[in-house]
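Next come two complexes built around chain A: one with chain B, the other with chain C.
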Partner chain A sequence: MTSLQEILLVDSLLLVLVTVTAVAIIEVRSLYAVAMLTGVYSLLMALVWTNMHSMDVAFTEAAVGGGISTILLIGTLVHTVRDEKPAKRRLHLPALLVTVLTGGALIYGTFDMPDFGDPKATIHHYRVPEMMSQTVAFATGRVGKQAPPADYQPPPRMVPTLSAEQLAAERRRADERLKAGDHGDHHLHPADDFNGHVPNAVTSLLAAYRGYDTMFETTVIFTAGVALLLLLRRPRREDDEDEPQPGSEPLRGQVILRVMSKLFIPFILAFGFYVITHGELGPGGGFQGGVVIATAFILYALIYGRPALYAVISPGNLERLAALGVLVYSGVGAACLLLGGNFLDYAALDRASPGDGEALGMTLVEYGVGITVSTVMIIIFNQLAEQQPKARAS
Partner chain B sequence: MSGYFGIYNYWIYIALMMIGFYGVIAKMNLVKQAIALGIFQTGIFLFYISMAVVDGGTAPIWTTIGDGSLKHLGPYDNPLPHVLILTAIVVSVSILAVALALIINIKRAYGTIEYDEITRLDSDEIDDA
Partner chain C sequence: MLEIQAHLPVLVVVVPLIGGVLTSLMGRGALPWAWATLVTGATFALTLRLMATLLASGAPHISYEVGNWPRWWGIEYRVDLLNAFILLVVAGVGFITTIYAKESVADEIPRDRHNLFYTVWVLAICGLLGITVTGDAFNVYVLLEISSLTVYALIAMGKDRNRKALTASLRYLILGSVGASFILLGIGYLMMVTGTLNMEDMREQLLRTPDLDHHRTVLVAFAFLLVGLSLKMALYPLHMWLPKAYTYAPSAVTALLAATATKVAVYMSFRFLFGIFGPEFSFQRLPSHLILLAGACLGVVFSSLSAIRQQSVKRLLAYSSVGQIAYIVAGFSLANENGVAASIIHIFNHAVTKGGMFMAVGAVALRVGGTDLKHMRGLGRRMPLTMAALTVGGLGLVGFPLTAGFISKWYLIKGALDAGMWGLIAIVLLGSILALVYVWKIIEAVYFHEPEDPRARDATEAPIMMLVPMWTLIGLSLYFGVDANFTSDTALRAAKSLLGGAP
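Now for the complex of A and B:
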């Protein structure tokens, strides 16, 4: 357990680096350098998240920011320009004025903010202690594969298990304990049922408490894939085969890259599947694992060329899989409905052992997210790489 | 923990947001603008994750020992902002991808991705018509 001072010490150093990198990204004119700097920026940010104990976010940031965005940016620069046009003036005064004024107003607002790490801050109360206290376990306090106690009645989902008066009394008692400075273990409020009882609270919230939200986030990503296809797909012409496709052959001759990528790809894939499957027990989940799996495919396409990638998985199948992921997610929700629960009420999947049902539902849902995220990332990469270089385009 | 050090993180988030904001306004290159928008977003991410920290807290993941029973690690950081930002990061890369696709199409149509040149080309077209 780290104390707040230690966190802040590392934090203040890292954030200085982050800010300097951000200024460099805005000011450097070579766009390739900017693309690499954004990679550095994201990795620094991943360190900041880790330092603040936000493992799942750090995971995502490292995979998305350090990996995918950098590749996407470079893929775009190949088809557009390499350097920013020199500006007429070094400093854009109106913009500076607007940002300084806005920033000043926001800083004025921070004086009302609770201190960093203050356990009494509003955000840590109301429903959060309830969610945390329930994240694991029925009455036995054991995780995952346990049968509920003999007299256990599954409560109606999302409905308070205590009467309104009892809840109010419990809340008052909790508030008094808070006032007395006792906010240690987050077990302050009585149980409403939040329908998510797995050890990783982040996954529990992601897949159960905010299950609808996550489903539509997945849909947003799917929509981005569709948008890329609509914006960039062009009808295949007869002479396409004869033209050297950009990005198809350039790295084949590099022995070191070829051997190393062959060594790496199985491990990247295994790690990706581990991250998805393990999401309910430790840091990880569908978003992180999906991006990790996508990087394995993208690495393969970068080194061996996209035709080799299409031999592994055809563009049509990629599109079908992207849709399948969303279908898996909503299908699990529909299955819960059919089994007599609410939409995405995973406990309905296994009435005899609701804990197992929840673990099963969350894992399935995470796989749905993982499938959509990984295939959409590969589709995005393919669409950006498939463009003709600028000389031919004009 | 009090005084200005307690709100240091909020100042950095504002600094990052304003650096991104400046980039969006002042830079004419469309790729640069898309990246600046990303910096603006990470500023907001920092704000959320900073709020989630609890003094003495640890990552909101429960640990189990041998027989599957729980080991209580004490207070946890707030998991809710983590969830919000986790999905927001993946959505932000989708936004970046769609923006880059639009930029490639703009390059195809106008031959440039500098905002002021595109505006000039547009106004020339209007003058010609």
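Now for the complex of A and C:
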């Protein structure tokens, strides 16, 4: 059995489970169970991504889909009923027809796709190799960017995958160099656009080559938070302060929860910052780290009550921070403009060593993303929790 | 230090982005509005300068590489005559509508969230501009997310009169998300075949693809894009989200949406159908022009019939918008110079005409408190300037000579003659007659009835801050009905370059 077949076997198993979960989400009447099942769905998808070696996507799926959206869905449940209304089961023929046609078209489209894992697929040899080897600016010898080394060779037209022996040999060579006293941070990595600062190609794609898209993805998150405030925020009145809000009481008797959460929160926060900062080296970045940081605050609010959270960070400051994150990102872009580069041309931040400027810019924008994502998640949670639960017949 | 000239393409989007986010920090009172006006005004000035720069350079397009990454790997902004023109329309109407919004928003939106409202408002304009300026297929989708999300929120704000705005917004959210995911699937399939996201690069890769006509992945990508774009354009019969959304949204939002949102979706179709797939593939080797034409013809007839039946003027005009979009689609699906030019001209003409009309209806909402025909009765004497704007705009919808609507129909009929489509000419004439019927319903209520509603009896003329923007748009529709040189020259040149397959 080759390794590809093993991958396919695991994938098939996972995809069957994904399908079963999706059907269960449609069929189950209990909305609480549905919320939990969506978490299961995301976790399974995270495994599929892991199997495809896309760790960053898997991490995001796990943190966002499996983590925070499940919390938010359960938060939404507070305002509605626990069970879906029994619907009349009748066949809606046009809907069935459209669904079958759409699904059929999607499958029909796969017939001319390259095979799964085909090294000859266009995507592996057209534009992507330069991105994977992080030598985009070298390919064109771009002015203002990191200059290509004298012996620059374009990357092979296929993404190289090191075999186990090659990988072991690479590691031995690196160890030997370290033993020989060669600790230069640039030298363990072949020359690239970022002076070897950013070994994670996903981060260089998201924060540099296509950093402009990511800026707007951050804006999407910000917009979601603002839109929610626009629609749901309770009118602010001065005499509102003392009025006890439903769901805001701390969980008084729960000693275990209180103590354990106090122990956990510093570690969750530290992990969140680690994920943001470490995103250029391994899986992670502003989106995932921001979500992790938000969960620490949400945990605190759940156990100690929202007033305690507001004592740490007020709703007004949350709104300001959400804006700040986008402003950090776009501000870095504007700073590059003022320093004489194009918008988001981080190389302009450090003309003497453009590759270091790129790395600096990417770290800054990752923090911008992290600030907006974490605060918007907390805002969404607060808005869901602040609403008066509808009186419902029990 | 900073060469504005060199960075115009990106500034057109970045200025409203940063300005929009800053709006959320503006506190209460009139400050958020004033700031939003300043930001949209500056954006409009930048689009004007961009157009001037493009015309002065004489080059077919201006390219801007974001982040100084080579465009095949990074994101390219690419401005040619077509999108410079659309940018001008979106930014211009956005600016004028922002001025208009002051009185209307003060009346309709709770005071404590004006800063949030204008944040979303400016970001909506930013998203629409971003879709228009980019030369990157995935960047289109990201900005589409922003413009969609903001528009859903803006529509839902029409809630203090009734909660129907929330369901209208939810309906649009669901259908709009289906449309957006279809577009995303199409882009994803194309990326898999071509290995790139840059539109021009995609085009060249598609031309290199052997046996393109039978490449099943490309065909499915095309189909999904066509359906997704039709949904976003509100092409009949995928228009179901539009009438309710326009009817229940706040007045200023309706004016902005009617003038810009569906137009930008039409522009996206230009880029995908003509730019990436190329007119030959889209319209000669595939029968998509027949599908689009069928949708357009049905749209003209049925939406006009629906418009005639409405009692709510906002809803009447919303159905009329579906019909007007159908003219635009009919024009470009002819895939000849006059037809495509008719589409481009009508994007502008309909934006100013319908934008101005919805502004007039919004003024009625402010003064009378309702926008049904019964609220409008007898307002001809109480609000003469507003009602005159509504009437002139209505004549533009019918296509009377000396209004901009006439120019659009003139080119559309020329395009239909070039293509030998006599049936389409008959549909255009039938549509005009039907439009005359529903416009007459408004005119009759306004001028030939005594006021019924107690508030209509002592209504006064709309405030000057509404009249000026309203008449600016209606005035433009009259000016470009008489002297259409700028619009028709630009449109014909843009059409020529589109049909040449330029991305």
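Some points to look at:
Just so it is clear, the second predicted complex is superposed on the first by the 309 of 394 C-alpha atoms of A that agree within 3 Å, B and C clash if a C-alpha of one lies under 4 Å from a C-alpha of the other, contacts with A are read in each partner's own complex, and residues count from 1 in each chain.
By definition in this document, a contact is a pair of C-beta atoms (placed from the backbone, for glycine too) under 8 Å apart; a residue touches a chain by one contact, two chains touch by 3 or more.
Computed from a prediction, not measured in an experiment: that's the story for all the values here.
In the overlay built on the shared chain, the residue A:Y108 is in contact with chain C alone; chain B does not reach it. Contacts of A:R210 after superposition: both chain B and chain C are touched. Touched residues of chain A were counted for both chain B and chain C, and B has more of them. In the superposed model, A:A323 lies in contact with chain C only, and not with chain B.
Judged by the touch definition given at the top, the superposed model places A:V10 against neither chain B nor chain C.
With both structures placed on the common chain, the touch criterion links A:A24 to neither chain B nor chain C.
Contacts of A:L257 after superposition: neither chain B nor chain C is touched. Of the two partner chains placed by the overlay, only chain B lies in contact with A:T38; chain C stays clear of it.
In the superposition on chain A, contact is made by A:A334 with chain C only, not with chain B. By the touch criterion defined above, A:S69 reaches chain B but does not reach chain C. The residues of chain A shared by its contacts with chain B and with chain C are 106, 110-111, 113, 121, 123, 128, 131, 136-137, 142, 144-145, 210, 213, 217, 220, 223-224, 227, 231. The touching residues of chain B, counted against chain A in their complex, run 1-2, 5-12, 14-23, 25-29, 31-32, 35-36, 38-39, 42, 45-46, 49-64, 68-70, 72-83, 85-87, 89-98, 100-105, 107-108, 111-114, 117.
Those residues of chain C that touch chain A in the shared complex are 1-2, 7, 10, 14, 17-18, 21-22, 24-25, 64-70, 72-75, 110, 112-113, 116-117, 119-120, 123, 130, 138-139, 142-143, 145-146, 149-150, 152-153, 156-157, 185, 189, 191-196, 201, 205, 215-221, 223-224. On the side of chain A, the complex with chain B involves touching residues 1-4, 7-8, 11-12, 15, 18-19, 22-23, 25-26, 31, 34, 38, 41, 45, 48-49, 52-57, 60-61, 64-65, 68-69, 72-73, 75-77, 79-81, 84-85, 87, 92, 94-96, 98-100, 102-103, 106-107, 110-111, 113, 115-119, 121, 123-124, 128, 131-132, 135-137, 141-146, 183-186, 199-202, 204-206, 210, 213-214, 217, 220-221, 223-224, 227-228, 231-232, 282-283, 285, 287-288, 291, 373, 376-377, 380, 383-384, 387, 390, 393-394. Contact residues on chain A toward chain C in their complex (touch as defined above): 105-106, 108-114, 121-123, 125-128, 130-131, 136-137, 139-140, 142, 144-145, 208-213, 215-217, 219-220, 222-224, 226-227, 229-231, 233, 235-236, 319-320, 322-323, 326-327, 330-331, 333-334, 336-338, 340-347.
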